[in-house]
Amino acid sequence: MMTILLLFLPLLAALVVLLGGSKHASSIALGLAVAELAVTAYAINVFQTEGPEAFYVFHTWIDSPKVSFHLGLDGLSLVMVILTNLLVPLIILSGFNRTIPNAKGYFSLILLMQFALVGVFMAMDGLLYYIFWEVALIPIYFIALRWGGHNRVAITLKFFIYTLAGSLLMLFGFIMLYWYNPEQSFDIRELYTMVISQENQSWLFWMFFLAFAIKIPIVPFHTWQADTYRESPTQGTMLLSGIMLKMGIYSLIRWLLPVLPLGVAKWGQLAMILCVIGIVYASIIALKQKNLKNLLAYSSVAHVGLIAAGIFALNIQGLQGSVVQMFAHGVNVVGLFFCADIIFNRTNTNEISELGGIRNLAPLFSTMFTIVVLGSIALPLTNGFIGEFLLLYGVYEYNVWLSVFAGLTIILGAAYMLRMFKKVMLGQPSSYVPEFPDLYWNEKIVLGVFVLIIFGMGIYPQPIFNLVEPVLQDILSHSIL
Amino acid sequence: MNTLIYTAGLGMVCLAMEILDLRKLLVPVILLGLAVIFGVNLMSWADSGPVIFAGLDMSSMLLVDHFSVAFNGVLIVAAAFLFAMSHDFYKDEQHHLSDYLTIIVFILCGAMVLTSYSNLVMMFLGIEIVSISLYILAGSRRHDLRSNEAGMKYFLMGSFASAVLLFGITLLYGASGSFKLTEIASYAATYGMDSPMFLVGSLLVVCAFLFKVAAVPFHFWSPDVYEGSPSLVTTLMATLVKVSFFAAFYRLMSSGFAGIDPHTSTILVIVAAATMIVGNLVALKQINFKRLLAYSGIAHAGYMLLAILSLKTNSASALLFYGATYILATIGAFAVALPVFSSTGKETIDAFDGLGRKKPFIAGMLTLSMLSLAGIPPLAGFLGKYYIFSEAIHNGYVAITLLAVITSIIGVYYYFKVILAMYTKAGEDTEIQFPMLYSIVGIICVALSILLGLWPGGLMGLL
Amino acid sequence: MNQLIFISLSTLTIVSALFMVFSRKPMYSVLSLIFCFFTVAGHYILLNAQFLAITHVIVYAGAIMVLFLFVVMLLNLNTVADQIKTMGFRVAAMIGAGMLFLVLLASLKSTTLGTFSFPEDNGMGMVEHVGMRLFTDYLLPFEISSILFLSAMIGAVLLAKKEKR
Amino acid sequence: MTFLGLMIPLLPLLGFLVNGLLGKYLPKGSAGWIGSLSVLASFVCVLLIFKDLQAEQAISIDVFNWIALGDFSISFGLWIDALTMIMLMVVTGVGFLIHLYSIGYMHGDEGFTRFFTYLNLFIFFMLLLVMGSNYLMMFIGWEGVGLCSYLLIGFWYKNEPFNDAAQKAFVMNRIGDLGFLLGMFFILFHFGTLDIQTVEQLAPGLASNGGLIMIITLLLFIGATGKSAQLPLYTWLPDAMAGPTPVSALIHAATMVTAGIYMIVRSNVLFALAPDTLTIILWVGVITSLFAAIIGLKQNDIKKVLAYSTVSQLGLMFVALGLGAFSSGIFHLVTHAFFKALLFLGAGSVIHALHGEQDIRKMGGLKKLIPITYITFILASLAISGFPLLSGFFSKDEILAHAFEQNKIVWIVVAVSSFLTAIYMFRLVFLTFFNNFRGSDETRSHIHESPWTMTFPLVVLCILAVLGGLIGLPAIFHVSHWLNTYLASVTEPSAALIHHGDGISHGLEIGLMCFAGLAAIVAIYLMYRKYVMQKAIPESEESQQGFIKAIANKFYVDEFFENAIVNPVFKLSEWFGTFFDKKIIDQIVNRTATTITSGGQALRLSQGGNTGTYVLAMVIGIVVLFIIRLLI
Amino acid sequence: MEHTTQLVPLNWYLLLSTFLFCLGVMGVLIRRNAIIILMCIELMLNSVNMLLVAFSSYSGNSDGQVFVFFIMVVAAAEVAVGLALLVSIYRNLGSTDIDLLNKLKW
């Protein structure tokens, strides 16, 4: 019941917002998203006392082929659901004080997106998972298409088709799995335990990996990303970067490693190298980006590259690091994009060369921005550090030289972030920044929460470790043969 | 059987109402009649079996089985949608209304014959009833040269294909000595592979069917005819007729040729591949909406050929489900397109410009229909594709399914062209008249699309 | 004897068909097709399908071809010779049709027709027998074809009738 | 004790939080006192612990389990032993004085509150660094002080070059940090823990794996070179002088830059097990010390001279470590903290008096105008130059003695560099305080001595700089070397592992001391003759030539880094960003799409509208299908 | 027919029909006049009819002959519709040349 409520409340909310009219759309949406957050909080409580069994939902959905409505909430899912349900209210709140045409549609799509994301994280049946995965794509596409920037049409279409291409390959992979499965079902428990020959796994690996790699994105499948992030409306970018790309990473852990261990054994090394190349490559590109959102997009590519690398390291440190870092990156990158939005909102530009001197005009904003930047460059005691430390250690256990190479991210990350910060915030105010009102109340709340999370997680990450430890151990036991 | 008779009777009633000058009641009466027929069809589900006609056992001619009843049901629903839309579509041609509607009723009869034949004679007659009626409808805008052209092209090529079909049937008859599917099947099972005449005949019949379902390289008629025909007729061709031909094709392959021999399967694989590629690729560059849907129809034919290839118990269900979802999505799209066309006077994609702002609800319907055609979950189109692909993979057609997956990615692009037009372009200020019946049809179609996407069991479990 | 008749009839059939296909004047084509149909009727008789032969003459030569003639004359098509397709296309068409013929022959050449025997004149082609078949086994298609006719009838009227405006 | 131990870092943190969160609600100027007193309170805690804690005792405080997963766990733990005590006293003691000084120095600055917020945060992180019980804790402090250094260098953020300097400092530190991080990975992987004490105990057991220990120590040393500004990662430190002068005194002289030395001494067993690493450290220290001293000769910015001096002195400390004389390194660290902090504060006082003027060519004759500053500054200069019996004399001499004992070449180079130290220091002193004022009269009229908050720390530090040597009097004075004794519990485990020289006789030691003292005096005299008697003033940059010009331009090291690393990376970034990413990778994606569409266009044209063609296509289709059928 | 007469091998009919069929195909391909094309299609149908009758007679199975009736029915309907279309086009276009019907393409 709990699970059902958790899943369907956002859908209901989306409908309510859609029918509620544009005038109060944002408030209604926020209220319902907070309600969902409250449900999540309650779910955490239940999880602590009763464990994952309390969330088990199983209904036969389609008889032939056997698809079941199988939902579950283990630690890993719970972490992702918390991330989603925590970020969505903040994302909605970030849209206050902004003029949004047809607000009811906008917020309703955001909530629809939340529904799909929660579904992705809770689905324990391959096809159900796939459906949620695809459904998540629709609202974000329309958000970007309807409310995006000037070049949105071509760019969002590219994004849509590119990611859909990956997804359809995954669908193909799932169908293959279905028929390889002697029980002929998509149930995750059976997929974990079934035996597939190395040959089949090795090409199935690419079916899945491509889908995830495009979504995450891992270099060289990243070229849709910067453009899409730039052209999407801020809330869209936040959804995309904060939660949606986590779908890919989550799926690597949940669906790729344990289902295709032999495939991972064969190709994991290559994937790992791709990830690590991506880290350095994207970091270097970020150094000289001229647009703030582009820079953040490339920094995101670098960060998620490291997360994915940690996963392919196939050890508990790497996996734990990736989960923690998913959460941390979700918060940080959303915070960064929100800061970019605050700047754009007041100056109408995101070109780095046109900005400067904001520090002086908006001290509170600057402080918050600084903290988010610090989180993102993984300063100890911020959330970014825990993840990055574990991830690099995971990679180190996998291969020393790769970890050296991947470790360059801490140098380059600092370089491009601080360079950006310097040019945007410090120095003398530029002509584009005649006046810069400090944070509005909603911005204060959003950034304030982010700052709290950044430090909270940085200082006491152990709850997340404890939540996901059993799941990750189980997944590792399936993925290392 | 009764279904067929009632339907034919309905056609007669239509003609009679013309004489009695009751045109205004025509559409309601037909819809009512279809409801009755749907009920009759449902009843024949339970006692499907040999067909008795005037005391004679006609089971060698028609066989009412679950397959035919299920398909008939889908076709009746599709026809009901078409009739509902015809009320407004033919508003300016009231004096011909009964003619058009009667012909459509007869097409439905032909389609029912196609779903349930058990004799090549019946198959041939079914095909011809549908085809000849369509030639008429395609060319029915007499003063429109494009309609004339569509009718003529369709007629010439269709007749040519009929001749090929007949030649094939003749050779089959020559080889097996019968037109009965059962006897042909037993012949095929015994000598099929050794009899050149049988092989040639079956190949020619297959070619004729490939023409009727618009598979490459027999597809050339379809874009031109779809474009030139009156839009409602295009809808009819794209939905009811296409699916009934597929049902007939499936019936022929499964009960006539007793499964599929490796040669035919290779040929069908090649044709399916070419169909998917050509259909999807050419659709990319279309600017006319009907033409776009024609190529989309070609592409979908490619996917449905996978179901023909698979030929297992489940693949009939898959075909039924796919056909139903395809019909729903296409009719849903046309329910929006028809009034837009008549309001703007254009049939190109830019007729939809700005619809997202002007009529968000209507635009939403079209969007969902397009998404269903593109196979995006949770709409039914996704599950349709999924079933077809799954069956094909299960039967070992992995490579062709992979191609189908890849081409369906391309497909997304052109479906989205329509969506983009609605939401990103400004468009002219022409007022879009949107009659009630279109909205009702659209809503029902989209609702059914969503419903089938969420609970496919109702339709999937039938066969 | 039979072979001789067959060969001569076939020659006439083929020649008239060729003339029909290649004649530039529609009227000549129609006339040669009518002639061709008569020769086909001859084949039917040769094959002991007497009733069919009669029907064939009545339906084809008597009705269909008259309709053709009527249209040709109505539309006054005989005044100018038909346009012909480009040379390239004609060559392609010849090759295409020739290839079709060759392929069909190649596929059919190994056919053994062992199950066929000499056609006895057992009255199979007479009107009683055919009538019996039509109204018993083939009753359903017979009735169904009426739908076809009805449809075609409506259509022909719909398409060809002059509008009163 | 535990409570006091906890309070040590928490008090500055509290100061930070109060200033940072409530700063704008508090009365103007109170931030300085809050900041200073919190550090003073912390210092008091340190003293209280020092009173009770025996040299060989240690306090271990586990705050909570920070990261526990799989087979390792890292606690958020503090560790206080003798070495920590020394560092704590330096950090909180000197830190407090500098806080106090800042109240006067920063008076009236619009970022007054912010300044103390950062400064307190710095103290907190520095305390974490020295108190951390495991390497990860140390790393928190390590990066945290880097952050504060960044924030404080770029304190005046409206000035673009200052921001560049701040960024440079952070990024260069990060290079070292990567080394540190990798070192930690090796430790964690092979020792299964990051707890420093455990690692030190386990290390001898793994000594047979010589390469491993060497890799670990080298990586840690890379971290140290970054933080402690050694070759080749030193260039950020001179630039870091962009920050307010108290920052230079606290962070870039007394505390943060010595973190590298602290870290190596902290892991002395590991380093002792890797003699090759020690040799590398030795030579890096030697070269840095000489190199920076030479550059210092020709600098005209009062703070730059001190900065290069710092680099040089840090090099000297690394020499000590490289020689295995860990406690000597610490000794010099402590005395250096005193006199270098004093020098910076004095320089700050000068700059304060001159309203921001930093060029020594525009100073002169200040000794009468700001006497307290003058006296303390000159005493500090004597101390750093190794003038006999001042603190620097003893600490430096101890290192020289170790060098002489082990490696004569090292001794010579180090002796030369200390000689140069005296030269550039007194060049600075004479140019600043002697002769006549060379600036404008307008400036001259405003020069006045600093307020007591600034002079008091000068005096206290001056006393320490003069007497600081007492904690480590050499054996020839027939008193026990207090520092060595005190640190024995820390350094003893490694002492056994290092092959020391045979030791040198008392006579030789006295000789060396005399030689060093004499050299300092000679140097001072030379400078006196040149700059006071001959009244020379340094030439302008344009007239310099050859080697002198190279020195004045810091051997073009910055330019070298700029052209060899930074610019290529930026070029690469532009190439990746505008060409490779857009024109290659993205084009592959886009071209796939355009190829498909143009394929669609081509196929579309096959649909020519001609029925004959369509039928022909059908016929050909049938033929082809038949042929396929016949062939297979 | 007497038994003594020499039999016509069934293959001959097969050959003749195939030839006529292909001739019809060729006619459809090379002619531009819709009426002639329609006639060529009739020719194709006739070739089929003939073969059907041949098979029917040779196998003593009257199904083929019955089928020919249905083909005739269909042919008649087809011709009726086709000629109606043709007349309709002729009214608009003034010609029956199908190569002029190329408004719908691409």
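Going by the order they are written in, the chains are A, B, C, D and E; count residues from 1 in each one.
Everything that follows uses one rule, which is that a contact is a pair of C-beta atoms (placed from the backbone, for glycine too) under 8 Å apart; a residue touches a chain by one contact, two chains touch by 3 or more.
All figures in this text were calculated on a predicted structure; none of them were measured in a lab.
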Quick check for the class: compute each chain's Cα centroid; which one is farthest from the centroid of chain A? C
Across all chain pairs, which one has the most C-beta contacts? C-E
What is the chain whose Cα centroid lies farthest from the Cα centroid of chain E? D
Which chain would you call central, comparing Cα centres to the global Cα centre? A
Distance from the CA centroid of chain C to that of chain D, rounded to the nearest Å? 103
How many angstrom lie between the centres of chain A and chain B, each centre taken as the mean Cα position? 43
From the C-alpha centre of chain C to that of chain E, how far is it in Å? 5
CA centroid of chain B to CA centroid of chain E, Å: 27
Among all residues of chain E, those touching at least two other chains are 14, 21, 24-25, 28-30, 32, 38, 55, 59, 63, 66, 70, 74, 77-78, 81, 84-86, 88, 98-99, 101-105
Chain C residues touching 2+ other chains are 85, 89, 93, 96-97, 100, 104, 107-108, 111, 113, 115, 137-138, 141, 145, 148, 151-152, 155-159
Which parts of chain B, given as residue numbers and ranges, touch two or more other chains? 121, 125, 128, 132, 135-136, 139, 142, 151-153, 156, 160, 171, 174, 177, 199-200, 223-224, 413
Provide the full list of chain pairs in touch. A-B, A-D, B-C, B-D, B-E, C-D, C-E, D-E
Residue numbers of chain A touching chain B in their complex, please. 61-65, 105, 127, 130-131, 134-135, 137-138, 142, 145-146, 152-153, 157, 160-161, 164-165, 168-169, 171-172, 175-176, 178-179
Footprint of chain B on chain C - complex, ascending: 104, 107-111, 113, 115, 136-141, 143-145, 147-148, 150-152, 154-159, 163
Write out the stretch or stretches of chain C touching chain E in their complex. 1-3, 6, 10, 13-14, 17-18, 20-21, 26, 29-30, 33, 36-37, 40, 43-44, 46-49, 51-52, 55-56, 59-60, 63-64, 67-68, 71-72, 74-75, 77, 82-85, 89-90, 93-94, 96-98, 100-101, 104-105, 108, 111, 113, 115-122, 124-125, 129-130, 133-134, 137-138, 141, 145, 148-149, 151-153, 155-160
Show me the residue ranges of chain D that touch chain C in the complex, using the header's touch definition. 612-613, 616, 619-620, 622-623, 626-627, 629-630
The answer for chain B against chain D in the complex is residues 152-153, 156-157, 160-161, 164, 199-200, 203-204, 207, 211, 216-218, 220-221, 223-224, 263, 266-267, 270-271, 278, 280-286, 410, 413
